[in-house]
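Below are structures written as structure tokens.
Next come two complexes built around chain A: one with chain B, the other with chain C.
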Partner chain A sequence: MNINEKTINNYKILSLQGILNASSAPQLKTFIAGLPDEQSIVVDLENVEFLDSSGLGALVGIARKKRTSNAVVKLARMNERVKKVFEITQAYTLFDIYDDVSAAAEA
Partner chain B sequence: MKTLLVIRGQEYGWLLDMLPGVHPMLVPICNKPFIEFLVDFSILAGSDAIRIISDGLLGDVERYCENGGRWGIEISYGSMQPADSLDTVIEKNRRFCLDGRVIIISGFLFIRYDKKSDYASLFASLPAGELHSCCRGSISLTGNPVEGTNFAGTTSFAQTALDSISTYYNLSMEILKNELTNYVLPGYGSEADCFIGRNVTIPKSAEIKKPVMIGNNVQILANSVIDSNSVIGNNVIIDRESVVSESIIMDNTYIGEHLEVKHKIAAGNLLIDPESGSSIVMEDPHLLTSMSQSKATGTVLRRIVHGIMATLLIILQLLPWLLLRPILGMQGKWKSKKEQYYTGLQGKTFTLSLTTIDDNGPLGTLARFLSLDRFTLFFRVPGGALALIGNQPIPVNPDIRIVPGSNAGYRPAVFSYAEAEEWPEIGIDREIVEHYYAVHCNPLKDIAMTQKAFFNRTH
Partner chain C sequence: MNPIVTLTLQADLRYLRIASVMACNIAEIFADASCTAGNVAEFCHACELSVSEAFTNSVRYAEPSQPEKQVTIRFFSDNGTLTVNIIDNNPQFNPVTQAPDINSYPEGGYGLFLIHRLMDTVSYTRMDETNMLTMTKHATMTHAE
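Right, the complex of A and B next:
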């Protein structure tokens, strides 16, 4: 999985590309562990080809960890495949989901 | 022009309790689901794209409306948090709302319109801002008026907040009696006030009085009377010599013989009084019974695989259990507790004896390592009472109304999927994992997940 990073306002925008599953979830966790605890994040999911339970677990874990540091994790540009997983698991209740990256970073 | 529909779970929660099994946005008003009225209104207003936003589940709505192709428009779906204000929702859907005019309909509102009116010109010419508002919702417009449009007509529309079963009933009756011609309704109308769907069997001895609306695949048996002001849904049987009057009979309902259903809503085996909101469950299958589809054949294969696996585990664990159980029992480290739990069938319960082992000490640790606390539960798997791996059984708690059957694929099991994953086994996290695997698992994967649960528990 590729992770591209940029900054808009005070948010780190992480654009994920590829598969977010049990084997790539640790990569995302490690990447985010390298950022300051109080750094808020927008995860751009437009190019995520596949998301499984472990990938979802990683996103939930990151969101929980950030919340304890008073930072936030927002999700943006979910594609249909990713949206389906969030719908099935009702995990959308845990995140603020935007259809635009810059809107997420400005809100 | 686009339309953003924002409908919150708390606005339709009352309907979920009242009519379980049908998504509130798909609840029929006369012979058409609620959401279709909003789609039709949006199209009449000139929209070519609609986005439906909710903090509740939208899966059923998405399966019904799909991408909007059959209406020649584009329908998309989004989620929101329950606490989000309308401004936040608009911000979260900025890309959708960015260009052009957007009609924002917020609330569980039924919009009364007339299909003959020119709403496209009306909405194109109105200034941005709130058009209608009440405590239950609002209709507003964003973006600048379309240049060159000038509406001078008298077109109007009104909103009715669906906030109780009596409002729903009265609305259906008002439409049936007076407003049928205002809406785009499906079905064949042989004469005014009389809509009859496809594949409807009506014997000569049955009597039907207008205004009436009858869905598809309906059987009305001998000497039955469908009195005026009745709405009969799809896949309904009205058995002989029964009278239906001023009532709504929902889809997939069987009305037994010699019954009089007057001023009621019948849905499956529920009979609801629209005035008081009280409902009774008809236990007798000859009175009112929902006609449910048989279970998928895939579950048989899964049950066989789980049964074989459970038998193997029983054989493997029998000797350690015979050796360790008496010793730990004498040490007071083996405790069992019987409790009522929900089965996979909606509303049905069964008793399970759950064991806890104090793993303080080498024998306790060994017993837990071998999952001996689950040993007695394996015996419930071959009979089908429990699955080997699935959902953690939900205890019956009279203080909390939980209907596990309404969750996607609830299957109480010896091991839960959450135990297999390295997620915390609490609250929403557990539910997320179980929901995921309820949809994505298969018998082969179940074997792997059982193995994973078996070992992960010891961490």
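Right, the complex of A and C next:
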């Protein structure tokens, strides 16, 4: 999985590309652990071809940790395959979800 | 009934994608030509995701002391139904699961829950220190007019 980062309005935008599963989830966790705890994040999921519960769990865990630092994790540009996993588990209730990255970084 | 494909992999997350892509490809070939494009995609995604979850569980719960940890995946097709067996030699497990309490921000515990929601039937047998999780999915057909 590739992780591309940029900054918009004090949000770190992480654009994920590829597969987010049990094999690649540790990579995402390690990447975010390298950011300051108080850094808010927008995760751009448009190019995530496949996400399973390990990927979901990584995002949920990251969101939980960020809450303790008064930071937020927002999700943007979910495709239908990713959306399905969030809907079945109801994990969408834990995140603010946006159709585009700019809107997420402005809110 | 003989499986159309039997795949045996080392119980290692490096091979997770092989398992789930195989499931997606087999599901795609299996889905009847009369399925709408949307139905085929949904069918394939359900199979791919379920196998990904089941294989991940087999890897995660393998006993460290087991000398050769393997996971066998068998695919069967019969009368519009795709059946998948996930077989391992891990300790016995409880295949019944409740939805995780999402408000506690759980990082895990979703796998079996997702499988139950995605697949039409899920069953579990334990025999001779072997687990077999069986999942079935009926291909949704649309009929040409």
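Everything below uses one rule, namely that the second predicted complex is superposed on the first by the 107 of 107 C-alpha atoms of A that agree within 3 Å, B and C clash if a C-alpha of one lies under 4 Å from a C-alpha of the other, contacts with A are read in each partner's own complex, and residues count from 1 in each chain.
Just so it is clear, contacts are C-beta pairs under 8 Å (C-beta built on N, C-alpha and C of every residue); 3 or more make two chains touch, one makes a residue touch a chain.
Everything quoted here is computed from the prediction, not taken from an experiment.
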{"item": "Which superposed partner A:Lys83 touches (first chain B, second chain C, both, neither)", "value": "first"}
{"item": "Which of chain B and chain C A:Ser54 touches, first, second, both or neither", "value": "both"}
{"item": "First (chain B), second (chain C), both or neither touched by A:Ala91", "value": "both"}
{"item": "First (chain B), second (chain C), both or neither touched by A:Asp99", "value": "first"}
{"item": "Which superposed partner A:Lys6 touches (first chain B, second chain C, both, neither)", "value": "neither"}
{"item": "Shared chain A contacts, counted only where both chain B and chain C touch the same residue", "value": "52-54, 56-57, 60-61, 85, 88-91, 93-94"}
{"item": "Residue numbers on chain A that touch chain C, as the complex places them", "value": "19, 21-23, 50, 52-54, 56-58, 60-61, 63-64, 67, 81, 84-85, 88-91, 93-94"}
{"item": "Residue ranges of chain C touching chain A (in the complex, touch as defined)", "value": "13-14, 16-17, 20, 45, 48-49, 52-53, 56, 59-60, 99-100, 102-103, 105-108, 110-111, 113-114, 117-118"}
{"item": "Sites on chain A touched by chain B in the complex", "value": "52-54, 56-57, 60-61, 83, 85-94, 96-100, 102-104, 107"}
{"item": "In the complex, chain B residues that touch chain A", "value": "55, 57-59, 62, 77-82, 88, 91-96, 98, 408, 421-423, 428-429, 431-433, 435-440"}
